[in-house]
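Below is one structure; the comments refer to it alone.
Chain nomenclature is as follows: A, B, C, D and E, assigned in order of appearance, with residue numbering initiated at 1 for each chain independently.
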Amino acid sequence: MDGTGAAEQGIAFDRVNKWYGQMHVLQDVTFSVAPGEKIVVCGPSGSGKSTMIRCINRLEEHQAGTIRVGGVEVNDQRRNIEQVRRRVGMVFQNFNLYPHLTILENCTLAQRWVRGTPRAEAEARAMRYLERVRIPDQARKYPGQLSGGQQQRVAIARSLCMEPEIMLFDEPTSALDPELVREVLDTMVSLAEEGMTMICVTHEMGFARQVADRVIFMDRGRIVESAHPDDFFSNPKEERSRLFLSQILH
Amino acid sequence: MDGTGAAEQGIAFDRVNKWYGQMHVLQDVTFSVAPGEKIVVCGPSGSGKSTMIRCINRLEEHQAGTIRVGGVEVNDQRRNIEQVRRRVGMVFQNFNLYPHLTILENCTLAQRWVRGTPRAEAEARAMRYLERVRIPDQARKYPGQLSGGQQQRVAIARSLCMEPEIMLFDEPTSALDPELVREVLDTMVSLAEEGMTMICVTHEMGFARQVADRVIFMDRGRIVESAHPDDFFSNPKEERSRLFLSQILH
Amino acid sequence: MTVIDWGYILAAFPDLMRGLGMTLMVSLLAILFSLLLGLAGCALRVSGIRPLSYAMRGYVEFIRGTPYLVQIFFVFYGLPSLGFTLSIFWSGVLALTIWASAFHIESFRAGLASVGREMHDASASLGLRRLPHALLVVAPIALRSALPSTLNTVVGTIKNSAYLQAIGLVELTFVAVDRIAQDFRSTEMFLSICVIYLVVILGVSALGHRLERRLNRPYGSR
Amino acid sequence: MDLLFEYRVFLLSGLIETLKMSAVVALGGTFCAILLTMGITAKPRLLNRASYALVELLRDLPLMVTVLLVYFMLPMTGLGLNPFWSCCLAISVWGGANGAQILRAGLASVGKGQRETAAAFGFGPVKTLLLVTLPQAMPVIVPPYVGLLTALVQATSLGAVVGAQELLRTGQVLIEQTTIMQGGSPAYLVYGSILVVYFTLCTLISLVGARIERHFLKPYSASSGALAEDRAHEIDAAISVRT
Amino acid sequence: QDMPPLPEAIQKAGKIRIGVKCDSPPFGASGPDGKPRGIEIEMAKKIGEYAFGSEEGAELSCVTSESRISSLNAGKLDLILATLGRTAARQEVIDYSNIYFWGTSNVLVPADSPVQKLSDLQGRSVLVVKGASQIKWLEANIPDISIVQLNTTADGVQALMQGRADGFVGDGGLIYTLGGNYPKLRVIEEGLDLGVNGVGMRKGETELQTFVNAVLDELRKDDFYETVIPQFVEEPAVVDVMKRGFLEEPPQI
């Protein structure tokens, strides 16, 4: 294995390109994330944010360039993909909880069938993380019985149960009623404070200011700007970023 | 006809109550809106905001108390309901355009079948209002071919074609992508500036500050606070309002 | 194995075409009647008049819960004991109509149910009265959403006309089976009628899809 | 009525034959459905196209023709000709084609997000299907599948056309003999009773189906239950069994 | 008795499989217990007895008119003993035993019908059972006759009673039975073509053919028909028609 120290542990994109048919959705995307770093990704709709972070755990294939996660190259080898997925947890916009399983079962399914953890141990760990996101009392309910905010916190707990090194968030609060956004962001902030490596696609600029080490702004498949949040919000370098911020912060 | 001068022209709720089965969704709601006034209604999910404004044009029935619109009591008399609906236009969260009709037909249907306006005249008026919301070029398309923001502007134009004295908006921007919210709000602001009487359920606090004469805050079927936006946002009197604002304005 | 005797097929062709003519004739009449009956039945079903609406529901459930073949026998052999005697042809039309209209009632009803409360809200807020709302807004939207299952039933009517061979209606399948009983050329006959049925049914389906696409144009994605 | 009673043993033997056929076609149809679904969703293009064509062909031909075709053509393949089995075979493949359509639509109704989540957790394709996709597809699959099962049970009456001694056939034989030997037709009585028997049978199946559906809808009962049901019925309409 | 040998395959199987009718009384019909009964059924049992010493030696199964020949040629049956008329087309695909029964076909008409003799049927419609052997004769001998094919005899009787056609054509025995049972219907005495029934078997199985012919001869000598026919037929006129058909030589036409 080669690569710098950071890439050895964190994430490294090197001139990653991806097309959907004719459309060039990722264009020479290059950046790296050191262990413990927190990155916020923003940009207009369709700019490729989701596609980019979904390439990290190979939910999408990239066609050129390399992606390394903890030194392992993300390519079409089953073993590599499995290794990467073990290290990377992901939280989706629509929660994607398993609606046919209770909260507790949601949190134990992967532990038991991917890791082979015995039931009692899996449940104990699930309860630990459900407490961590402050909803242990909902463990026996089904996702449909929970509010959106609670569901998203379960989704976070479910990912944490696999004890990943890195967490990816794809607009985790944008499907939530405004009232429920806060509770999810709080959970994410406390995760960040514990030193988890995080990449988060979001338009919650308050969160970005509070937590992010770096904001990456994407447009039309390119990284347009990458800066510390204080700089990015007060003094964006690029015209495109400025326009975007003015629309978001009306 | 009785009532104060304001009620003669505007809207007056007097101890209005409504139940769904056991659930008491409107509790002694009393307030009035003078002609030309702009009201923003906010409050947590399920607090009865939609129910309240839908009572105004009798999309919902109230069970106790009286509602008057321009001096006409809203009760189960067909004539009264028709009179009220002629004065009141409404815009919905999900646009509710007729999917099988073109934009132009959407705007002329009610004119022709309610008012009996001749086709040419109806179309001329429709085009006028479509220009007003800045999408005259989409007139021949179907709703499914437009973006959400465009659809909502069509919905506004469709209501305006009936030349109502009062416009009701029920979360007109909450089904829109963040980028598309602005164009709809702009349209609403310009309507407000022209002096239209408006009641608008929304969580867009920027809009409320800019336009509203009064903010009404509802919780659990009651009006908890009713104040000028400057007072409401900077210094809410009620504990419940404060909590809500802290959640909204994170 | 047997080699296909094209000459035999050619000789049987006029007979087959006569059978096809009968198939189409019976189906066409049944489609027409069943659509009308379906509309009427659906109107009763949603009329809000309890006994009528329950009666329609019972009718739909019963027809959908019993084999079509037995229904045909009942119409053809059973009804005469009740005093209704119809020719084979009209028995066939009646049996097909009874069957198809039950399915039409159900798909029209589902179509109506698919027109959400939202359209009602929109029309009410614009002051549109009941009748224009029903005719100009609800009906077009409901019919469009009922179209796929309606087409399915229409095509099903043509297919089910093959059952009528069992009461001796000389339609396409009958012709084939009859010839097989005399000449034992099953390969040739089945090949012929399968191709004919496929052409007719795919043809009608294609027409239906075109209609569907036409009506769907307004909903085309942007 | 006396007639039905006198011939009860004979008629009962027909009913039992019908029940036997029903069981066989239910199992056979399901087996064919799984096979064809695997074919349709298979990667190799040829297999996938062929299965798709077969499904469409079976769904487009009148069932009556399929049953007669199998009955008359099977002997040529040397497989012999037992009315019972040839009829069961024809109905099973027909049911399989319709069942495959239901299974495919059901599986497709489970959002892409669910499969992605499973992938993100490192589930393999088989585990994803069994643990995530299929359980969620069940509320969508069960209602039309129950509909298909009742259609299969009804289709066994086609056995009468090729001479399997099932309920309808015994009824016909009874009518035939009585007409010849006793002067007068009990057709109205016999066919009416057979209709009632089938209706009862299908209603029972639907009731059991509704229970199963409720079981799978339980997780959704609290809030978005209506949602899953909507989804189910929407798809139900789109893939209804083609007779 | 001294019977010709059975074919080896049947001997090995230990039973002889015979297709019979289950819906054509008095030849073969279903009893209330679901077991077939009738004259041909008794004949089939006898064949079993001659072959293997007990009537259990014959395995009977019900066949329909349309399916019987295919079943035989598919090897599902060894013999067809199911009112199988001998025709040229059928002789191309199967072999027959000697004739065991002959009879004319007759026409059944409503009692008040103006039809008195066959020629009166000209320009009228008659019903026959699907695939019946009389169709060709009718088409050849009665101008402008229109023929409606139905599935079963019951359908034919029904249709006739309902006035859907002017006559119903079928085997003499059947038509006389019906004429006896239905006061509203009447038999036209003048008979149609002669029909002869034989036992059907696959082509080229001469050993089996010889065996069956021997059994048929035995049955005729044995007073078998004299005892069996009255068990299944009540009407004396019909008994006479049946006895003549089973026991006398067919008239030469």
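Some points to look at:
Definition applied: a residue touches a chain if its C-beta (ideal position, glycine included) is under 8 Å from a C-beta of that chain, and two chains touch if they have at least 3 such contacts.
The chain list, named the UniProt way, goes like this: A, B = Amino acid ABC transporter ATP-binding protein (PAAT family); C = Amino acid ABC transporter membrane protein 1 (PAAT family); D = Amino acid ABC transporter membrane protein 2 (PAAT family).
Bear in mind the structure is a predicted one, so any value in this text is a computation, not a measurement.
Steps from subunit A to subunit E, taking the shortest chain of touch contacts, total 2.
With contact taken as defined at the outset, there is no chain that touches subunit A as well as subunit B. Between subunit A and subunit C, the least number of touching-chain steps is 2. When the interfaces C-D and B-C are ranked by how many C-beta pairs touch across them, C-D comes first. In this assembly, the C-alpha centroid of subunit B lies 47 Å from the C-alpha centroid of subunit C. Subunit C and subunit E have CA centres that are 40 Å apart. Subunit A and subunit D have Cα centroids lying 45 Å from one another.
In subunit E, the residues touching two or more other chains are 70, 154, 158.
Chain contacts: subunit D has residues 72, 172, 175, 185, 187 touching two or more partner chains. Here the touching chains pair up as A-B, A-D, B-C, C-D, C-E, D-E. Of all residues in subunit D, only 6-7, 9-10, 13, 71-72, 74-75, 78, 80-83, 162-163, 165, 170, 172-183, 185, 187 touch subunit E in the complex they form. Residues of subunit D that touch subunit C in their complex: 57, 60-65, 68-69, 72-73, 76, 150, 154-158, 160-161, 168, 172, 175, 185, 187-188, 191-192, 194-195, 198-199, 202-203, 206, 233, 237-238, 240, 242-243.
Residues 118-119, 121-129, 132, 136-137, 140-141, 144, 217-222 of subunit C are the ones that touch subunit B when the two sit in their complex. Listed in rising order, the residues of subunit E touching subunit C in the complex are 65-66, 69-70, 89, 93, 130-131, 148-151, 154-155, 158, 162-164. Interface residues of subunit B, counted against subunit A in their complex, comprise 44-45, 177-179, 181-182, 185, 203, 206, 244, 247-248, 250.
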